[in-house]
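Presented below are the structures under discussion, each in the form of structure tokens.
Shared between the two complexes below is chain A, which pairs with chain B and chain C, respectively.
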Partner chain A sequence: MIDLTFLILIIPVLAAILIGFIPSRNSGLIRSIAWLAMIVELAVSGFLVYSFDRTQTGFQFVTEVSWTRSPEITLRLGVDGISLALVMLTSIVGFAAMFATGAIQEGVKGFFLCFLALVVGALGTFMSLDLFFFFFFYEIEALVTYPLISVWGRGDRKYSAMQFTIFSVLGSAFVLIGILIIYFLSGKNTLSLPALMESLRQAPLALGLQNTIFAVFLIGFGILAALWPFHAWGPIGYADAPPAASMMFAGVMKKLGAYGLIRLGITLLPQAAQAWMPWIAGLAMMNLIYVGFVALAQKDLKYLIGYSSSSHMGFVLIGLACMNPLGLSGALLVMFAHGILVALLFLLAYTLDQHGAGSGMLDIGGLAAKWPVTAACFSLAAFAACGVPGFANFAGEITVLFAVWDRYGWLAAGVLVSVILTALYMLRAVRNIFFGPEKELRHVANEPLANPFRKIAFVLLIGVLLFAGFFPNILLGYFKQ
Partner chain B sequence: MYSLIIASPFIAFVLISLFLQRFRLLSALVATASLLVSFGLILKLFLAVLGHENAPAELTASWIALPGIDFQIGLLFDRLSILMGLLVSGVGSLIFIFSFGYMKGDPGFSRFFAFLSFFAAAMLGIVFATNFIQIFIFWELVGLASYLLIGFWFAKDAAADAGKKAFLVNRVGDFGFILGIIFLWYLSDPTTAGAHRTLNFAQLAAVIPGSLAAGTITASAILGAGLLIFCGIVGKSAQFPLHVWLPDAMEGPTPVSALIHAATMVAAGVYLLARVFFIFTLSHPLLEVVALIGGVTAFMAATMAVVEKDIKRILAYSTMSQLGFMVMAMGLSSPVAGMYHLLTHGFFKALLFLGAGAVIHAVHTQNIFDMGGLAKKMPVTAITFFIGTFALAGLFPTSGFFSKEEILTAAFDKSHFLFAVSLITVFLTSFYMGRLVTLAFFGTARNHHDVQEAPAVMTLPLIVLASFSLVGGYLHIPEHLVGSWPMEFFRNIDAAIIITFISSGVVIAGLLISFLMYRKNRTEDPLAKGLGPAYPLLTRKYFIDDLYNFYVLKIQQPFAALCEKANQLFVIKGLTNLTGEGLFLLGSLTRKALTGNVQTYTLYLAFQVLVILIIAAAFIGL
Partner chain C sequence: MIFIPEAVLATTFLLVLIGDLLLPNRHLHWRGLLAAAGMIVGLAAHAGFLNQTGTLFGGMFVQDSFAQLAKFLFLTIGFLVILMTREYARKLEKGEAEFYLLILAATLGMCVLVSSFNLLLIFVALEAITFSSYIMTAYLKHESTSTEAGIKYLIFGAVSTAFMLLGISLIYGGTGSFDLAIVRETLRLGTIHTEPLMIFGFLFLALGLTFKMAAVPFHLWAPDVYQGAPTPVTAFLAVGSKTAGVVLFLRIFYQVFNPIHANMAFVLALLSAACLVYANLSALPQTNIKRLLGYSSISHAGYILMGMAGTESQGVGYILFYLISYLFTNLCAFFVISLQSAHQETDNIIDYRGLRQRSPFLAACLLIALLSLTGIPPTSGFIAKLLLIISAINQGYVWLALIAIFAAVVSVFYYFSIAEKMFLQDPHDKTPLDTPVPIRLALYVTLFAIFVLGAMPGPVLAWCVKAGASLF
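And then the complex of A and B:
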């Protein structure tokens, strides 16, 4: 049966196949198909959210396509509240990222194939209820980063691509090891996630074993989630990747790590999770404070956004590390809000770059007089990052803060340091780029957001952040356990 | 319907920012009308309370409800909130009207009114908050409004820096504030399950004193929570040592200085103190800290005002000083006195700032040594300004006299040291205000000859505010406030007639001395020589700004650079390259891939994933 989950996965696949048959010189048609796919994807995801029954727990819209019987491997898709929010995130960010594809002029066909693969990989990972396919989609995600950066990137793109891909693949290798160990030890001859959840709940693995597997997962998913000290490979890749890819990498792919940690780590190995959580909390503090200081030292806007995003993953990770419903809800809210926000910031960085303002924060100044709408959007994004109430980021962060107090007491003070650091570097960026007397603006084009079409993405992203910030209960209602 | 009190200016903000940017007059009208709606609703509540009807019950809506927490947004109506709401919306409306004239011709006219409306909504959200989370949310929004309005003329470096500074300094205070809130939340039910934790003011007031008496929470816990919450107040109400943003905030347009840096926003800290006084009154050491910080701030600000030459900055220091008085009054267990002074100060400080705005609008300078003889040219502005000055100095029979007497009486009763500090501050206040008035309004005009009185849209608010500054002492404000606290916090001023004589003498002396000193010395400040080495200490603001700058430039930024260096060296060069080389040493194939072109490498990666899949399949197949 074709259910909504299957439809969501198949739309970008079909679009990619279609694009594969179109000659590369026909780039206009290729673009249109990609656009159409992402618009339909957004609509169907919206419909999925609408049809989702919030009163139920467990997986909904479960679709099964059997592949092999023994071992039983089945393309099994389904969503619960958590994956639903992330599917929606992927569709929104994917749609918004299309607005940053205008600069791609060479190899349009290849680019959109890779881009759609990136979308499919993320959606597949979030919706897979089978560990084989979970890993399969995860691996697509990790591998497609290489061509995206090395072909359509800029700067020292070969090096960046190499580094980015090495880390993604390395992360996935650890994840594979963890999955294989679980498969063999559970002895159920299945990779079905619901079945494993059930059997491991009834007969949990020995604690020592659990601890080992969790450590493997922690490294694997931690790399992808930018857990300290694996925080630095991201920003370099984001800075050199094509902007649409950066939006997907930072907005969606980074969340795969945290999602994996929830889905495989905490759900399948709850006792080990308890034991490991103080360590995760400690590393997350490094993200929040140390990486926050690193962000404070950046002079290039793209690196600033990259490090800021790595730093803010600390909120997600420390929220998970609280191991209470409050922390989990807060962490999920931050994941969603932060994914939208970082996509918004990279889209803004792209807009600045594309229209002559560059990304060196000290080279430009006083842009607000010439670009008032862009300045307003950038300021709103900066406020959201600073944790100003009204944006979803604040709602998530304050929830995490209360959860951290509940579990770790005064460690909450350390979390707050990062809030001050964020205000420091974000307001400094606004100040340097947009405020002060105009300087060096001759090569800068006219207001890019005077174009109503370009506004769509910004209105969507900011609107989602504000909506979820004003009414967080609606989003939180999906995260019931 | 009452939710419109907050919603109405907020809707105006949204409307103006999205649709009315090009319709200047319309946006100003929408903004003013929206605040008048709030004012009307609050007035209706006020009359109901006056007629001894019960105010409508608390209205609440859930913002975040999760297992363990329940964050609500609501409206709390009691005498305290209604009086404060009247001040905010009433003075606010007058300042909105004044801005019609003052901001005329500014290219950002509509944006200005949008931000003003946003500010008004946020401030009213603080006033009517029912719980700590709500007050924190609107507290932050007020901070944001302040950032936007101080930096309104963003093309000026000084304005852009001042806005950022205000936001960041407040952030530092709020760091303590939110920690205090969370700590208090924990204290409301310190059991491990904590099922009854709350942040609602009424519930906290019912629970916390009992828990303290029963010994489930300690006195030092109350002290800790109180001090942390006080951090937020120190930031928002510009108390020492987080006062540095307020003088710089004068870079904003003058109506902004009147509205948010005199009459309302900075008063939010004092208002919060009054609102949660039930916690502060539980700990004596806590009250002592509050009183001391207030006294120190009052004195310090007054000394800095004495040597300042910028008319707005003098008023800014006077605001800081008067806020110090209010905070001190709270610390001296006299919330009625503190709130009373807050309300009268709201009138006369708005008046003084708007008067200063009218002056600046006319003479295009802020330096009082460049002014002179304005009394003849701008009679309405001058007379209303004099009334404001007398009220600020605390001269009988203006409103400032009555509220100041309350504070002095409280100080006399509790601490002779703080009473002495207050008297010196009162003297300094009348001295620097006398200095300002003498230099700006008397003598002969310099550098400006075509000065005209401000238009009616600007003088009308001055007249209204001046009337309130005059009669504010006869409106029985303390009696209205008393309903918010037990009777013991209320003192009758008749009890201390001797204090009245002493303080009035001090005020008159200050005014006279400054008048005699500056009547002749109109180009150079005799204090520059007279104060000797203390003069540079005061003009450099006790070097506190320099201290903070030293921290930012010599400690914080180098530390960030060090983190970045470590990041480059160990994490990027070390870990990354190690991983990379480690992987590539695995096979000779990979070396070729390193040097080879993109296609080779992509192929190799595809091959790799195939291998992984085959291995996986093989494992599973076993």
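And then the complex of A and C:
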């Protein structure tokens, strides 16, 4: 049975195949196809959200395509409210990231092939209802990071690419071990997620075993989600990757870790999740505060955004660690909002960079007069990051705060400290870059100026944040579990 | 007409031989085309007579769906290698026609081999393949590496043949017949399969075949011969010879020696582990790409042996699928290598620096082949390895599966060091590398196969499993 989910997955695949057949000198045509694919993707994802039945629980739009009959491996796709939000996030960020691909002038064909593979990997992971394909798509995603950073990146790109890829693959290796243990212990000879959920609900594994598997998942997904102490590998990669890729890495890929913890950890191993949750809460607290301080110390805008995003994953993880519906809703809301926000921030940082400002925050100043629109957008994004009411981030963070207060009491104070830290470093960045005395730009603008259409992406991303901030109930209505 | 591919190959052989004598010199390029056309006609005719199965010559010659699938593989290999040879042949001073003749003869030998159901016929067919390969390996008379490779191949081949003959004679001593049908019945009915005579017969035969498969313990020739032989010959040995060895192994041990195979499977598991560990560790410091692929070939033999340690019929299907994936992946790599070595006169990995700038297409092809050799989705190598690992775990060889996964991780380092040189370093010499049209088409075919097998393995895998089931 073929459904919308399959369509969403196949659009970028078809675009990539088409691009594969176009000679690399037709870079204009290649670009147009990638654009078209991402626009159609956004439209179809919108339609998916529109036709999703919010009154039902469980998976919808289930597609099953038999891959091999012996052994039985089936491509099972489907979405529930959680994955729906993340599919929408991927489409929005993917579309916005296209606005940052203008500067890629060399190896256009290869770049778009890798970029589309990244999109397919993310969508496939979010929509897979089969652990085999969950891993399959995640692996595509993890491996394609290497060429994206090492070929089209900047700075010490080979080093960053190696570090970034090794950590993503290491994370996935732990996940694979966990999946294999579940496969062989469940004794059902299936990797189908709904079937495993059903069988493990009826006959849960022994608690000691669950704890072990959960620990393996926690390390694997914790690496992906930048859980402290695995927080430091991301920012270097984000800083050196081409901007479109950084947007996808920080906006979408990092959410995979949290998504995996929900899907595989909490759903399949509920008792172990209960046992491990205080640990996760403690580590997430380190994300919020320790990594928040690390972000405070950054002098480079891209590293600031990178560490701030690692720090904000703390909201998501501590929300999950509350193990109550409120915390889960808050975590999902933060995941969505933060994905959009960090993409917006990277796009803005890239715009500054492209206009010749570089990303060293101490070298630039007083740019508000020169580029008022960028300044306004950046300030809005900074407000969103600080949790100013009206933005989706506020809605998510306050929900998480309530949930933490409910479950862990005074630990909520730590969450507040993190909000203050965010305000400190974000507002300081705004002050340093856009206000104060205007400094001579060190870098000469040698790249073509930003496409004026990029404002569409700014408006779209800020619009989504505001919309979800004013009407969080619409989004929360999807998270019925 | 159940022997139609053999008939077409023999006819082509004669036509090329006569054509070479009669045609004037300016028409010489027809010889390669004729040989390639013969392979295509063979494939088409084989496909046309796919519904005909049966036996010939009093049961010596068997055509079942297993043999049919294997013949598709051999003809495809023959066709692609002839295409590769046509571009490479400019390097040969003379004797181009004989080169095609040897490839045709070896392919004919393979087709007969997979259909033979008699130990003597098997031996004759094997020697047809091996003798052609000896000559082809030493074809570059003025290059000492090629001669050295030829001699090494000859000596190892002779020793392994001796083992094999010993095995055959022990089996003959035990059962009193060369006819495998009789051997099978004798083994099935009595308790002879527990006797040392038959067990040693089995083991010697298996050891002899490890030479063709380039597996431990007769693996030592592989790196030297792969490095020294002309590139198309290396490709032919890497895919053709190995496929022939594996197919014969499956035929004899699953169909005939089933009871002994079940008892002795742990030996194969040990050999597999030895291949995986030895090959992957030795491949790490290599600097010559053909030598590297020699070690990689031993490592792939390890994966195949891992499948052979299992005794169920699905495992045979998985091994056949692995062979198909391996065939297209390796030929894809060898097409690029043969162009590069014809152009630069070198096979050093360091000379692949900046291949992306010289020819993005070739660099992309080699990259995809390397991804598939490593076993990374969505290429065919991933699903092929996965199936064998699943089958090993299902058979209780968890330790072997772990070694295989470890070997795959190690292989990332040496495969990707080539990719890193191609994509991230600057070339020494920036002359663009042209891809002739036939090679380009052949590369498209291999890429298509790699991705289709990787993304939609279902139909081909079903075919392989069905062919594997015909052995039981």
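Assume the second predicted complex is superposed on the first by the 465 of 481 C-alpha atoms of A that agree within 3 Å, B and C clash if a C-alpha of one lies under 4 Å from a C-alpha of the other, contacts with A are read in each partner's own complex, and residues count from 1 in each chain.
The rule we apply is simple: contacts are C-beta pairs under 8 Å (C-beta built on N, C-alpha and C of every residue); 3 or more make two chains touch, one makes a residue touch a chain.
On a predicted model such as this, the values are computed, not experimentally measured, just so you know.
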Next on the checklist: With both complexes overlaid on chain A, does A:419 touch chain B (first), chain C (second), both or neither?
Outcome noted: first
Checklist entry - Can A:44 be said to touch chain B (first), chain C (second), both, or neither? => result neither
Next on the checklist: Taking the superposition on A as described, I'd like to know which of chain B and chain C A:232 touches: first, second, both or neither.
Outcome noted: first
Next on the checklist: Contact-wise, after the overlay, does A:460 reach chain B, chain C, both or neither (first, second, both, neither)?
Outcome noted: neither
Item to check | Partner chain(s) touched by A:24 [first = chain B, second = chain C, both, neither] | outcome: second
Item to check | Which partner, chain B or chain C, touches more chain A residues | outcome: B
Checklist entry - A:66 contacts which: chain B (first), chain C (second), both, neither? => result second
Checklist entry - Looking at the overlay, does A:405 come into contact with chain B only (first), chain C only (second), both, or neither? => result first
Checklist entry - What is the contact status of A:181 with respect to chain B (first) and chain C (second): first, second, both, or neither? => result neither
Item to check | First (chain B), second (chain C), both or neither touched by A:383 | outcome: first
Item to check | Contacts on chain A seen with chain B and repeated with chain C across the two complexes | outcome: 71, 136, 139, 143, 147, 150-151, 158, 184
Next on the checklist: Using the touch definition from the top, list the residues of chain A that touch chain B in their complex.
Outcome noted: 71, 73, 132, 135-136, 139, 143, 146-147, 150-151, 158, 162-163, 165-167, 169-170, 173, 176, 180, 183-184, 191, 229-233, 236, 290, 293-294, 296-298, 324-326, 329, 366, 368-369, 383, 388-390, 394-395, 398-399, 401-402, 405-406, 412-413, 416-417, 419-420, 423-424, 427-428, 431, 434-438, 472-473, 476
Checklist entry - What residues on chain A touch chain C, complex-wise? => result 24, 66-71, 107, 109-110, 136, 139-140, 143, 147, 150-151, 158, 184
Next on the checklist: List the residues on chain B that touch chain A in their complex, please.
Outcome noted: 62-69, 71, 133, 136-138, 140-141, 144, 147, 151, 154-157, 160-161, 164, 167-168, 171-172, 175, 178-179, 182-183, 185-186, 194, 556-557, 559-561, 563-564, 567, 570-572, 575-576, 579-580, 583, 594, 598, 601-602, 605-606, 608-609, 612-613, 616, 619-621
Item to check | Contacting residues of chain C [partner chain A, same complex] | outcome: 314, 317, 356, 360, 364, 376-378, 383, 387, 390, 393, 420, 423-424, 456-458, 461-462, 465
